[in-house]
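The next part holds the structures, each set out as structure tokens.
Heads up, the next two complexes both have chain A, just with different partners, chain B and then chain C.
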Partner chain A sequence: MTSADLPDAPPSHLGRLLRQVGKTIFTLLITFIGLLAVTFFISRVVPTDPVLSILGERATEAQIEATRTKLGLDRPMFTQFGIYVWDALHGDLGTSIRTKTPVLAEIARYFPATLELATLATILGTLVGVPAGVLAATKPGSIMDQVVRLVGLMGYSMPVFWLGLMGLLIFYGKLGWVGGPGRLDAAFDMMMQFQVTQYTGMVLIDTALSGNWDMFANAVSHIILPASLLGYLSMAYISRMTRSFMMNELGQEYITTARVKGMPERRVIWVHAMKNVMVPLITVVALSYSFLLEGAVLTETIFAWPGLGRYITDALLVADMPAVLGGTIVVGAVYIGINMFSDLLYRLADPRAK
Partner chain B sequence: MTLTEWLRDPNPSSRLQSRMAQSYLSWLRFRRNKLAMIGLLISVALVLMAIFAPLLAPYDPITQTLAERLQPPLTHGHWLGTDDFGRDIWTRILYGSRITLYIVLLVILTAPVAGLIIGTVAGYFGGWVDQILMRITDIFLAFPKLILALALVAVLGPGMVNAVLAIALTSWPPYARVARAETLTVRNSDYIAAVKLQGAGALRVIWGHVMPMCLPSVIIRVTLDMAGVILTAAGLGFLGLGVQPPQPEWGLMISAGRKFLFEQWWVATMPGLAIFIVSLGFNLLGDGLRDVLDPRSSGK
Partner chain C sequence: MSFLPFARKVGAASVAALLLGAAPTALFAATPADTLVIADAIDDIVSLDPAEAYEFSGLDVVNNTYDGLVEINPTTLELEPGLAESWSVSDDGLTFSFKMKSGITFSSGNPVTAEAAAKALQRAVKLNKTPAFILTQFGWSVDNVDTMITADGDTLTLKLDKPYAPTFLYNCLTAGVASIVDVDTVMQHEVDGDMGNVWLNTNSAGTGAYVLKSFKPNQGYVMDMRPGYWRGDAKMAHIFMMHVPEAATQRLQLEKGDVDLARTLTPVDLAGLAGNADVNIQQDVGGQIYYLAFNQKVEQYKNTKFLDAMRWSVDYQGMADTIMKGVVIPHQSFLPKGYLGALDDLPYSLDIEKAKSLIAESGIKDPHVTLSVRNAADRMDVAQSIQNTFGQAGITVDLEVGEGAEQLKQYRARQHDATLQTWGPDYPDPNTNSSTFAENPDNSDEAKNTGYLAWRNAYDPGALTAESQAAVLERDPAKRVEMYADLQKKSRETSPFIVIFQQARNTALRSNVKDFYTGGAVDAAAYWLVTK
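Here is the complex of A and B:
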């Protein structure tokens, strides 16, 4: 009889944690393979023949046959899928038809811009959204509560590409407060390639690390508008969820106890209740982060932002399917990763979830 | 006896009367919520606009009048201005409401139904059926919706029907989850056992006795999702992957106005306002409905 069979022996904390992590990784892998199955399916029903799109119309029979064999298209579907998964797990997402470069290498170049934008937007959204939600929850039904609710619902109802255009029209076109489309002014854009070391591919970090503060200021003036607009969308979601979590906590008995003991209201809300609100908020912030990666698709086309969203839409317009699907896989993988990570954090932070 | 008295009668004499009285109480609660009433008004206005577009519209939505191109708002009988082909923007917004409503209707007639069937079947049978169906649902949930829709449209080709298909294919999973959760709570109740003892088959139990229980939660989700459908459809249109020109689709109109954003701002602004107002209306309506129909999640 092994120790695992003993009913009363509680599994060690570490063991439980490891099992949790193992289970998460397993689910992650299954979901990822499912994701690949969908993109594989899409890539095989695509009406354009991949062989012809590589060779062109005037290829000979022999050339077509050779390419088919090279691409593995002559093998059974199931084997093809196996190879597809194997390649994807090894970072091979195919070659872009438009540029003839490996898709993953291209995405690696475009991704930092999206990451920079989405991260800044999430930070802004959290900084405004959490206090707004708490304020609304402490005085339900008040003017403040109504305003937070309405502003939030407006964020849910705004077409993000239109919001971007309006932002450009007002803050760039009419007021001239911010930089226009792109990550830098054209003059700085040229300098960027020669004078700044590309540590991360994120302009704000790279220029700051190089101590090039003029360029940093210019980058800030360009990123601030798209980041605020995306931040508004995530604020809408975060404030709403914070409100409902906080309402829930404030109805609990431990809050009444704290109040009866004469604890200042500020401390009751921001220390006692907040501690418990933080746990589900982790998931919410992570979710809004993954929404932003998606919202970036439309925002990036408006702001000429050289990120992943723009990469995918540009590829779409010329029917470059390997690039489109490669981008889909990467965004999907990040999406899955973030969700699993937040799930894990949630389990670690909430003792009841163990 | 007036209608209100009949509805307020504390001793209803028929099933119909008591049911109506319940609805009346819900309506009274709904009416108190001012924001929700605004949402209802906007939604009704959209439907009326779509039905009576030809009567309300002063011009033709497609015919080009190049002499009148890019007129600013409030000039020459164009209170919202004209676009680069001299077409009246108000007219095009009116006709565009038909396209918007059409897309929303097609999506809410397909995705929730599919989700309902998958969710109830998974929840009712449990075991490996549940495992497989829910795994598939999870995989689709793990996808970023818009990007999957983009990839699907890229394969299917642009156009309204394909856009609807792509949106429907990406929006059924939440319904499946909701329906499954509801099914699990009613699956073991006595009335289901009674129906089973009378010899009802699985299909009959699911169709006649489980699905109706799932409907309220699904309907709430549908109202809350309608705004999302409008936004996604407009996004696809904006990228040139949805409805094709010269149709007056709102997203497409914004994309056309993008070229003159700084000089002729109204071309892109007006259709965007239309999208915004309509989705806000649906969101307010859904929010209010949830408060009335589902007291658990009213946020009170």
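Here is the complex of A and C:
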């Protein structure tokens, strides 16, 4: 018998896994390079001159030329892009033109602030949004449904800038229930900078890990308002989507069957229907989370929150391209990461998804 | 599925924890007694190296961490000895000798000597960052600075290429770029021949009242006082600067007492704070002036009658009383109030009829102006007012709104028609504005004299160039004042510039905060005198 007669051996588990990992890495690489290329070339057609924006009005032509050469901006555009991608692949995202600090170090400082805020906001938004959506779906047209709709609509339509300022005015300015802008009070902020080990850059976690509960409480008082505000916005989205998914499920035959069999309504909704709602809902929550992780520029501005959105926007305004590109990579990575994570959750939620 | 009930429990617990955490915040709402907490927009900072810093916020840091040979007294705004005890000038006016004070040390502990001072000035010239021109205008260059600036014992000798007015040199030596940096310390942190430029972004190496402890761009900085400061120890142990871009937020923080000082409030916020007994508003002027500039490559802007008509078509007082209230004061000369020889009079006001008859005399039919404006709210307000009043006089104005850096590029390339701009002086000497508004040694495109505002507008000031150049050499201070007064008068009557405002500065302080000086038009903020 020759080897040609043998049936094809089924690919080993390891082989399949490796192929899948390879495919994922390849896709990631292409996505990133595409992302970089688009951002890079758009940045080059924008009329803002990064050199002028850092040197200012008084710079002489000679100083401008010298800086242009130093930053490599005098080279052909494709060469610049090639160099950038090559460095990026080696983990070097360049140095911010404006601050002269490595972009990676800056992002490591800004991203945790956004991560902390977005995570808390998503948790709050989901905890309120899902039950609200379910309640609205189970009694369509009821007062509850109207309230959820109204609250959701307000979340959609009110400018976040105004909501943020009003929130600050009422809960911080008038009532004094929450801490003000920034991540900590001045005194705690200085302690945080000079006395507390920063494991993660996330104030809540670092203060908890160091056992500094006064500081932790202060951090909570500062994050609660912006997190609630962003949570409200994602709640508006999540509750509307939950309502429509749930309405759809409740019209299915298996629900009728379950009801006919005398299953308690609670169980019908929260176990049977919810199982199926979970799958699309994961996408909704993931999308809303990744949206917040890009950084909520306006919220970060009002609350003086040193997050990624403000970082990228500030950089964009002065055409600090290494910083913009670095930020874009992080945002891209976050999107991809969350997508992969929600894929994983699908598999847990829906056994048919392989 | 057991996930949801679990999540519900965890969620309830988290919310409870968060609410509990939020409860005791009222306890924290006060700034620490030994710390001055400031809310300001500090995103203009490019560098904290004195050889490079030349933005307002960066110079505030430099002023509190470094000193120069000559200083400006923050309370009187007069010149006074800094690290130099006394000085003299040779008869030919070309050599200045500075005797250094003894016993002053840098924050590293290194003594401040004449040699250290020479190294610091040489470093600023050699680094050749943007503000270096404040020093190189005395004839110092990378090649000759080691021989032009020398030290011998306790004496520092500065040789100049021309016999400049002594006040011109002294004024320039108060600028941030002339700060005496501890070069020996800085050079230990040199990377790729940067002379420690990057290191100085997050560290300080000076003789100032404070030492920079941390700086996070667009976030804030912390400074600690340094005992034994030669002008007397700072009263506040720490300075905590918080970058708060939104003015309404600054106001809330100040009202709550979470910050002691708020420095970038809008007219609306200032009005809102007016009745608050816990807050004081301190007003003074800044050095920035607002002006309209018209490119004389466009024929109509060479017509003096038409330029004059436009001068009578601006509602100076009206804008200063309404949309720009508290932010500016009307000002019509190129030297800001507070400068040697500055003219405070306001010869122009809104007079539509006069403007109309001047336009008729000019012979220009249906004049049309394209005004470039930065996309900032206050600039847009001013531009719209101008569009309105010019319109009443019969001048059609199209607004071209764009991003600041982009418009600057266009302006420097002489591609604008008309533009609304601001100009901040670089050092507290009249030459800083006189040279740029009234001098243009070569008006050709090839000259690329972008540093001269006159050149950017293709404006040949004629005899004014020589007059301004003579004023900077005039050694009799009284005569010098006269010369600048004359220059300002001629410039505002003939140039294609219409100066409309000078920046007013408002600082809102908690009522217990005393002795905060902003430096007015000529200097940066002094934190070391503040008490609370």
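One rule holds for everything that comes next: the second predicted complex is superposed on the first by the 267 of 354 C-alpha atoms of A that agree within 3 Å, B and C clash if a C-alpha of one lies under 4 Å from a C-alpha of the other, contacts with A are read in each partner's own complex, and residues count from 1 in each chain.
Just so we're on the same page, contacts are C-beta pairs under 8 Å (C-beta built on N, C-alpha and C of every residue); 3 or more make two chains touch, one makes a residue touch a chain.
Please read these numbers as outputs of a predicted model, since none were measured by experiment.
In the superposed pair of complexes, A:Phe216 makes contact with chain C only, with no contact to chain B. Looking at the shared chain after the overlay, A:Leu165 reaches both chain B and chain C.
In the superposition on chain A, A:Val318 contacts chain C only, with no contact to chain B. When the two complexes are overlaid on their common chain A, residue A:Met190 makes contact with chain C while staying clear of chain B. Looking at the shared chain after the overlay, A:Arg347 reaches neither chain B nor chain C. In the superposed model, A:Gly173 makes contact with both chain B and chain C. Of the two partner chains placed by the overlay, only chain B lies in contact with A:Pro140; chain C stays clear of it. Legend: residue contacts after superposition of the two complexes on their common chain; A:Gly34 is shown touching chain B, with no touch to chain C.
Looking at chain A, you'll find residues 47, 165, 168-169, 173, 301, 317, 319 touch chain B in one structure and chain C in the other.
On the chain A side of its complex with chain C, the touching residues are 47-49, 52-61, 63, 98-101, 106, 109, 123-124, 127, 165, 168-169, 172-173, 176-182, 185-190, 193-194, 216-218, 220-221, 224, 270-271, 274-275, 278, 301-304, 306, 310-311, 314, 317-319. Across the complex, chain B meets chain A through its residues 35, 135-136, 138-140, 142-148, 150-152, 154-155, 157, 227, 231, 234-235, 238-241, 251, 254, 258, 261-262, 265, 268-269, 272, 275-276, 279-280, 282-284, 287, 299-300.
The residues of chain A lying in touch with chain B in their complex are 30-31, 34-35, 37-39, 42, 45-47, 140, 146, 149-150, 153-154, 156-162, 165-166, 168-169, 173, 243-244, 247, 290, 293-295, 297-298, 301, 312-313, 316-317, 319, 321, 324-325, 327-328, 331-332, 335-336, 339.
By the touch rule above, chain C contacts chain A in their complex via residues 1, 4, 7-8, 11, 14-15, 17-18, 21-26, 28-29, 31-32, 35, 37, 39, 43, 46-47, 54-55, 128-131, 133, 197-198, 201, 213-214, 216-219, 222, 238, 240, 242-246, 248-249, 252-253, 255-256, 258-259, 403-406, 408-409, 412, 423, 426, 448, 450-451.
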